[in-house]
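Reading through the structure tokens given below for one structure.
The chains carry the letters A, B, C, D and E, assigned in the order they are written, with residues numbered from 1 in each.
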Amino acid sequence: MKKPVIDAQAVDLTFQTGDGPVHALKDVNLQINKGDFVSFIGPSGCGKTTFLRCIAGLETPTGGKLTVNGISPEEARKSRAYGYVFQAAGLYPWRTIAGNIKLPLEIMEFPKADQEKRVEKVLELVDLKGFGKKYPWQLSGGMQQRASIARALAFDAEILLMDEPFGALDEIVRDKLNEEVLRLWAATNKTIGFVTHSIPEAVYLSTKIVVMSPRPGRITDVIDSPLPKERPLEIRDTPEFIEIAHRVRDGLRAGHDL
Amino acid sequence: ADEVTLQLKWVTQAQFGGYYVALEKGYYEEADLDVTIKPGGPDVAPVQVLLGGGADVMVDWMPSALAARENGAPVVNIAQPFKKSGMMLTCLKESGITGPDDFPNKTLGVWFYGNEYPFLSWMGKLGIPTDGSEGGVTVLKQGFNVDPLLQKQAACISTMTYNEYWQVIDAGISPEDLVTFKYEDQGVATLEDGLYVLEESLTDEAFKDKMARFVKASMEGWKYAAEHPEEAAEIVLEYDETGAQTMTHQVRMMTEVAKLIEGTEGALDVGDYERTVASLLSGGSDPVITKEPVGAYTLDITDAALK
Amino acid sequence: MNKIVPVLTVLAVLIVIWYAAAVKMNSTWTFDQAERAGTEVSFSELVTDTMSQTRPLLPAPHQIATELWKTTVEKKITSKRSMIYQGSITLKTTLLGFGFGIVIGIALATVIVLSRVGRLTLMPWAIISQTIPIVALAPIIVVLSNAAGTGTLMVPKAIIAAYLSFYPVLVSMVKGLSSPDQMQLDLLKTYGASQRDVFWKLRLPSSMPYFFASLKVSVAAAFVGAVVAELSTSAIAGLGARMLIGSQFGEPMIMWAALFAAAILAAILIFLVGGFEKLARYMMGGRAV
Amino acid sequence: MKTDSTFEKLAWPVGFGLLVLVLWEIGVRVFGISPAILPAPSAILAAMAGSLPILWEDWVQTVVKGALNGLWMGSLAALVVALVIDRFDFLKRGLMPVANFFAALPIVGLAPIMVMWFGFDWQSKAAVVAVMVFFPMLVNILGGLAAVDPMQRDLMRTYGASHVQTLRKLRGPAALPFVFNGLKIATSLALIGAIVAEYFGSPIRGMGFRITTEMGRLATDMVWAEIVVSAVTGTALYGLVAGIEKRVTFWHPSQRGS
Amino acid sequence: MKKPVIDAQAVDLTFQTGDGPVHALKDVNLQINKGDFVSFIGPSGCGKTTFLRCIAGLETPTGGKLTVNGISPEEARKSRAYGYVFQAAGLYPWRTIAGNIKLPLEIMEFPKADQEKRVEKVLELVDLKGFGKKYPWQLSGGMQQRASIARALAFDAEILLMDEPFGALDEIVRDKLNEEVLRLWAATNKTIGFVTHSIPEAVYLSTKIVVMSPRPGRITDVIDSPLPKERPLEIRDTPEFIEIAHRVRDGLRAGHDL
């Protein structure tokens, strides 16, 4: 078997807070292979974000071992291995869409001419050609979110991490973007980590669904999806789909103590 | 040319007309001096400016200068253009005041910021407490104008013959409605506008020479100003940067100030000096100065200037 | 504009109240004078007299307007008697102090935001600094800048203006520079950005709306500082000095006119800064409002 | 981020203050600066210790009689006017621009006029202070009353609430943080106003009186003593307002943080 | 047939904005009967909120006729016919949970003793017994939302209007609350208007699903649900459910021009 891109072994993370320690991750084991599309699902506070941040080297586990391509996440981050997309598009309002996409390129000191080319390329990729000169507020929420994905794609990061990127959008727009993410994934063959609250979204997108549960945050189920790579939206009405969704829901329900 | 900076004790007005005339008429230039005149203001203490090195020579009243000297600011009088005092207490007749005996239990307006010493010394002499105790006067810190009298907030206020008194008159109160007490007449006159420098600078012969020329030129200016009050007032207006001064006020001020410099060439009269010191020392329980000052004046400069 | 009618109405009412108050307040003097002269005053005499005293307790609006007209329109701008000339002096002080204030405010805010020790140490003192009445320090500032050899009073005046105007900038910039949330900071971290990148590409641009919002308050503070400085440290020139001279020589009209000129100038300044703010927002990709 | 302990919150600024004082003391001694220009901290302390009765008398005159009286009068007037303006839209549209014009007025310029109108004792100082604090308070109160979320207002409408009910139960409490903001500005204005007004006439007590008089006598140690008193007073007032704010608006996110 | 509680006939609403008129509602016809649970679904900007606000008398139609129990919405609002729940819980942070629930009762001047009793009752109803003394920020998002429902229930309004009440919550919490709303509806037999973006939520809850479409906002489909009143969560995996969901999605897709 080929070596996993992301390898978490007994990862543990405890936050020290004013009200005492918070056990955000407990004994998390997970292997993600190159080209996987992994969704993380689970109730609020179960540590989805925290785990994603660990992968990106933004948070350091207090126990266990986590490697990315064999090196530490910290080092991987320094070598610019990650594209990170947050729930809110988080575009800079004082920069145009093109300017926003250029931001990481400027920081990473890509040559000027190359910057322009890359901006054009990713704008096309997310279907925003011609919107480069617009400011974020001149775009709809869905378009903004696509721009923020373009920003994460611009510098060819190997791993794309998305933390509830479509949480703020309405269902129809969300459907559209889900299709688009799948298309992107197929086109670039990136390894993708994706946090969501939506069961259909998780099932529709992923090759692997990680169900988590809180207090302390841990993995309760890992479901490998048997769905084909090619997924029209209608796949969501197939029995296989419903079957997996059911399993996810059960997993969630089990870990939920509300 | 030698540079000289003069710090005035108040804003540009005819009270300082002589210096402005000397500057405008080129007397300073003729004496090979390059003079800068700095007006004063409510928050400008000339002695401080002198100490801080912001000026070479200042115009100040002797009580305040001597008090400063006792407080560790060694200033020395080098010339005394104003021979007579222009200070008085102006009272409304309707307040019932006819003489100093009527002061107790009345409210009197007084200038502070170093201008309060003549008043305190006078009251000391009269034996009238000013600290608000029984049988004393209520002292009001007068602002920059005569409103307290007009608004009847005070029975009497401090005025100068050349300025505030006329504002009271201008305001429509006739002289008959007023009772005035000139410090001169009450025998408590203290010397007013004189020129002072720091004691240590007098060890420098070149500086002394410069001051001699400065005093000489200034006195020429005063002489001319006294003889040509209209023109002097115009010159003052010329230098007034606020543009708020008026010809009427300044001509009158110049005319009145001329009376105060009458009979002097600018040299300090030692008799006047001793009278002032005695008056300041004798202020009852709370004298303005506590011991006879030593070396508070020099006649060297005027001797050199006027020979 | 749905404001014009109400504003005019309110102004009209205020002016009527003002005239009534002027008659009332100035009548004491009229009656006093009549008593001294031993004559009676009729109501119409009372009204005319209270509208035309040279030293009224409260000048009638038209008296102030006349004085303003005389000292602006009827005077050459270069004349010292022109309110415009005097205003320009105050304006210079204000702008210089405002400039200092902005620089100091931003510099301190940067230190405070970037360093924990800076924040713990400087923030309380910034607050304390504003509780010291600057007028009390004015003489000291004058003397010290004299001692430091700055010939003109421009510098001490500007220092006083700056002292009042840096604070709003500081407070807003501290807010602004720390306005990027964890998510935005983390985003740059995933790019492997340096502290410098974070400051120039994120913190500074995000602070701009806060910065612009503080400018109006700050310029008003600088203006007050400039007037107070002219009024107290150096009755040499400027609107503040005119107020003082007006007060000293019992010329209420000069004083009131200077006061109104100051208010008009302040309003213009704030309006201009507001316009600049809008322009800057627009240039920074803001939504036109 | 590390949270600041109470000790650190005190130690750093106090330490910094002490450092400045020490440098000041040394500077004055080493450079032999004349006490008439800048007194040493030790001299200021001595002056304070030696003239406590005077300082107290001045403090009562300026702070208690002048500033505090003016502060409550101005604030109360602002509150009443704000409530009236708020009730009538016509007034709001008509009065606000006028009020903004007056707010721009350098109100210290009114000091000589107030002395002329209200006499030289504390009444005129209170009047200056009242006018000075009136406009910032008015603007803040109106801003606070308007700061209510439209949704919250609609909620009250669905209850068929009256104007007064909405004011008492919703807009009043919601405006409190703004009111405190205004009060913080007002306290420092109050001190400045009360002190400056004394320049234009006063009884022979009061902090502004003392500052000018002692300055004329070159007693700068006494001047600084008054400055210290005023700074301590200002800081205490600010602290008092902040303390009350903390208690009254305990629910506001800015008070809950950290 | 009995008279509908809410009767909209050719309702039209145009907002006059700076950029010209916005046609928010066009020719809307709808009858809602007593005890109906009506969901409004549609893409952003299609006028769902606007229509709900019209029903509540918060907005006045510019055309057509809208009556509530035969009287105008305005009058119905004054007679306190509505309980309104917004997307954000919108609890007053300065009041405890009990205090918040008491708010409408105070405004409607219920007797003190009755107020207490009602608070207890509705707290129990939404499963928040024992949390009355807490402040809103001490509760989780889901609990806050339940409290805001309790607030709307406290005064026995005949009609309950909810505008995306669970939009901000995660799916699991949402499921829980959906069950709870159904239970409440069964227990109180209120007429409910419910805005949502979620197809499963709409289908799961409603007796009638109104599909809307934007520019101009109009009703494109009204689906009467054949689902029984008794609905366990598992009903969502039944063919009937999926069938209705499908129809809703088609309706949405048709009106969507993204």
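A few notes on this one:
Assume a residue touches a chain if its C-beta (ideal position, glycine included) is under 8 Å from a C-beta of that chain, and two chains touch if they have at least 3 such contacts.
The UniProt protein names, listed by chain, are A, E = ABC transporter ATP-binding protein; C, D = NitT/TauT family transport system permease protein.
Just so we're clear, the structure is a prediction, and the values are computed from it rather than from any experiment.
Looking at chain B and chain D, the chains that touch each of them are C.
The largest tally of C-beta contacts between two chains is found for C-D.
Here the CA centre of chain A is 83 Å from the CA centre of chain B.
The geometric centre of chain C is 52 Å away from that of chain E, both derived from CA atoms. In chain C, the residues that reach two or more other chains under the touch definition are 135, 139, 143-144, 147, 231-232, 247, 258.
In chain B, 42-43, 45, 48, 51-52, 143-145, 147 are the positions where the chain touches two or more neighbouring chains simultaneously. The list of touching chain pairs reads A-C, A-E, B-C, B-D, C-D, D-E. Per the touch definition, chain B reaches chain D in the complex via residues 42-43, 45, 47-48, 51-52, 64, 67-68, 71-73, 112-116, 130, 132, 138-145, 147-148, 151, 153. Within the complex formed with chain D, the chain E residues making contact are 53, 56-58, 77-80, 82-84, 86, 88, 90, 92-94, 103-104, 106-108, 135, 137, 155. Residues 11-12, 36, 39-45, 48-49, 51-55, 143-147, 150, 167, 170-172, 174, 177, 240-246, 249 of chain B are the ones touching chain C in the complex.
Chain contact summary for the complex, chain C toward chain A: residues 183-184, 186-193, 197, 201-202, 205-206, 208, 284-287.
Within the complex formed with chain E, the residues of chain D that make contact are 149, 151-152, 154-161, 165, 169-170, 173, 249, 251-253, 256.
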